[in-house]
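Lettered A, B and C in written order, each chain numbered from 1.
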Amino acid sequence: MLKSWKLKEIVLLAILSVVFAVVYLAFVHVGNLWAGLIGPIAYEWIFGIWFIVSIIAAYIIRRPGAAFLSEVLAATIEMMIGNAIGPRIILVGIIQGLGAEAAFAVTGYKRYDLWVLMLAGFGAAATSFAYTYVMGGLVALSPTYVATMFALRATSGMLIAGLGGKILSDLLLRTGALEGYSLARKGRVHG
Amino acid sequence: MTFHEMNPTIKFLTVTLLMFGLAFMYNPWTPLAVFIGTLILQILFSNVNWKRWGLFMIPFLFTALGTLWTTLVFGKEAGGEVMFTLFGKDLTVENVMLASTLSLRVLAFTALSLLFTLTTDPKRFVYSLMQQGKLSPKIAYSVFVGFRFFPILKRELMQLYETHALRGVPLESRLDYIRHVPSLIIPLLAGSIRQAERIAFSMEARGFTGEPRATYEVVAITRYDFLLASILIVLFGVSVWIGI
Amino acid sequence: MVEAEQLAFRYPDKQREVLTDITLQLTAGRTLITGASGSGKSTLFSLMNRLYPDNCDGIVTGRLHLFDRSYDTYAAGEVNRRVGTVFQDPDSQFVMQTVEEELIFTLENFAVARDEMMARVATILAELQLTDYRDRVIHDLSGGEKQQIAVACALIGKPEWLLLDEPLAHLDPETSTRFVQWLDNVAQTVNVVVIEHRPFLWGGFFDREVELVNGRINYDGPFVARPDYTFSPVKVTQGNTILFHVPHLKRITFKLAASELTVAEGDLIAVLGRNGSGKSTWLKSLAREHQEVGLVPQSPAHLFITSDVTRELAYGHDRPIEDIMNRLGLGPFRNDHPLSLSHGQKRRLAIGVMMLSNKLLIAFDEPTAGQDEISLRALYELIVERTRAGQTVLFVTHDLSFARIANTYYLMREGYLSGPYDASLWNETELLQAHGLLLEES
């Protein structure tokens, strides 16, 4: 899979990951305080922030594996620069990445419109929720509460990661920095 | 024989295995035993800065507390004897046991994670993933680039804040700084993307191809790695037994 | 090493050729490649170390041989064992944390035997007189030091050729001269190709020069040493004087003494000093303390907050922007993202922003760094136009040729500001030398 990738594309993933790792870390600290006050549901509405790098990477690079790989790279780098939950974060990265990747795989890596990006956000939300359900023991909670959590996370995934990721990438495209990546080329063909 | 010397990939797999195992234990004693046991092992087989350990632990104490009371308040209806009433909700023994299980699970997860984080040099971990985990050098070295890029990015971020403040963007409080993040992220990303391309080019110009390569830093596997892994697994076994 | 015949190159989705009809034979020795931005010199350079065409999917026509084979017969990384490269930006050519790790990175790429590595590292560092840097963290080194390490990383692979892409762009004149002298000493057995648009910094380093204009070879022959571009002083009319105080500042590694700056309205002021003397820190301090001062950072892109030129100009006030936008030639770009503009346009947009926010003093931080002659002339014109309109302009620089345009001078050394001086400063040899602005032999 990696053979056809240009090195600059993988390095781009790593660099995107660092930018978002910085953002993620900031949100973990904000999130923890919240969590103490209102429980695990505190994270749910901002959960999309954690998926956004997948969507941006896949949208810009348009190769199979971009969504998955970027999330795993982000998690690894986040661990390297000092995230206390260390090994768990890599696991979370793998699981979320698979969820986002699934959406692009289902569409045969041919469509990168808003709906597919939102589907990827939803996919990441779904797999990561499955993980939380098992690891966090959500089976102990009332079904309504669990459903609310999931609804919040899925919405956040679709809006913050899907829609937000598209808005950010399109803005980036306008800055001319993406010259030489798939998104810029595709844009030119159609427009 | 310490956790610092332990092969990072094996350590990672063992710790992950234990965490997965814990996810299926629904009694408060198992996570409690894992938590205490991990601490004891850490005292015996590592040289950890406990002040740092404490600092890392604090936020997760909050999470554990949050988990405790949400599980109590939003927990499933469960039968049995009512112990007490909270916010107009009758709580049974089973409710309380479940809530403490999940709350202690958070602490056990954190202790295990810290056992890994505080004894693992991240660079060695990546080398080990490359050598034992067959991670592609393209990915591994991109991780190194990312890691090296972190201070450069922080400096860039500070410069952006500085110049934007000079342009009259209100940046008085911490909240102002956070609120300004969305407008910073585009210039930050745009600059970083251009740098990413330059770094990739210079790697290739130095003969990096992503193919298997010579390595100076060799991360070995020794019998101590299996011994330490076994100790952790035994700890888990004992904790499960305590729970029954 | 390079043998090209009627070589042409273009990017995949553009019609215009970046290189046209290049017929060239690079032979042993030291070759300079010059040309303005966009002349194709960087593209030619990237074809030499085979970063192109693969990385940009560019289209090559004509014949291009590297050493004795056609470029497209090389496997990835193969030619890079024989050709070492040093790039322009000291911050984006390293992968690892420390100097030693970085050197090992090259050796690992070349599959050097493990037990040979440490010896190779020690040898190259000794040969290049860099042994003290072995355990240093690259991030903490100065620009000049980073470029030396980049050379070490290229030479440790024992290449036959060394390519350098504007390696002096971010260095001050003193550091540049030292770097060239050092390179002259250490590059005895390797052939060198350098891209540079200000060859005077290299003295008599080269024996051949190739000049590109619009993608074609305009000159190919012996290198003739020549002086730098010259700029004539700008005539100004001085108005009332204003006094700016800059308080003292203490950082962990650095101290800035309190200083006073006397500014006559309409004046053109240059603040000179070597890299790391504190002039940029001082300038930031000045801008922070005084709202009347508008700072244009070295990379003007840092200034922009919004997502199009119109909004950028209108940010933070409600004065009309049309007139200034058109005067600066930014009208056609009104809906473009500020970051998508060329460097020159970004600089004009920055000036527009300062003019609209009624700044009394426009202050540029290192406006000449990495700029070619055309861009410097454009900057000159812009400053002339502004001062004629009565605007006060100050710039911080280590570019001594460009500094000649100023009317009043200040000097910075180790956090101490001295001045004002007038143009007679240029005769004060000792003073200039003490500030790292004049080299013994010039």
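To be clear about the criterion, contacts are C-beta pairs under 8 Å (C-beta built on N, C-alpha and C of every residue); 3 or more make two chains touch, one makes a residue touch a chain.
According to UniProt, the chain labels map to these proteins: A = HMP/thiamine permease ykoE; B = Cobalt transporter; C = ABC transporter domain-containing protein.
Everything numeric in this text was worked out from a predicted model, so none of it was measured.
Relative to chain C, the chain whose mean Cα position lies farthest away is B. With B-C and A-C as the two chain pairs, more C-beta contacts join B-C.
Averaging C-alpha coordinates per chain places the centre of chain A (HMP/thiamine permease ykoE) 18 Å away from that of chain B (Cobalt transporter).
A separation of 41 Å divides the Cα centre of chain B (Cobalt transporter) from that of chain C. Centres computed as Cα averages put chain A (HMP/thiamine permease ykoE) at a distance of 37 Å from chain C.
In chain A (HMP/thiamine permease ykoE), the residues touching two or more other chains are 6, 8, 171, 175-177, 180. Across the assembly, chain C contributes 55, 307, 339 as residues in contact with two or more other chains. Within chain B (Cobalt transporter), residues 123, 145, 147, 186, 190-191, 195, 199-201, 203-204, 208 each touch two or more of the remaining chains. By the touch criterion stated above, chain A (HMP/thiamine permease ykoE) contacts chain C in their complex at residues 6, 8, 171, 174-177, 180, 185, 188. Residues of chain C touching chain B (Cobalt transporter) in their complex: 46, 49, 51, 55, 75-77, 80-81, 84-85, 87, 89, 91-97, 104-114, 117, 138-139, 153-154, 157, 284, 287-288, 294-295, 297, 301-307, 315-316, 339, 353, 357.
On the side of chain B (Cobalt transporter), the complex with chain C involves touching residues 123, 141, 144-145, 147-148, 151-152, 159-160, 162-169, 183, 186-187, 190-191, 195, 198-209, 211, 213-216, 218.
Looking at the complex, you find that chain B (Cobalt transporter) touches chain A (HMP/thiamine permease ykoE) at residues 12, 15-16, 19-20, 23, 26, 56, 59-63, 65-67, 69-71, 74-77, 98-99, 101-102, 105, 109-110, 112-114, 116-117, 120, 122-123, 125-126, 136, 138-139, 142-143, 145-147, 149-150, 153-154, 157, 178, 181, 185-186, 188-197, 199-201, 203-204, 208, 210.
Within the complex formed with chain B (Cobalt transporter), the chain A (HMP/thiamine permease ykoE) residues making contact are 2, 5-8, 10-19, 21-23, 26, 28-29, 32-33, 35-42, 69, 73, 76-77, 79-81, 83-88, 90-91, 134-137, 140-143, 145, 168, 171-172, 175-178, 180.
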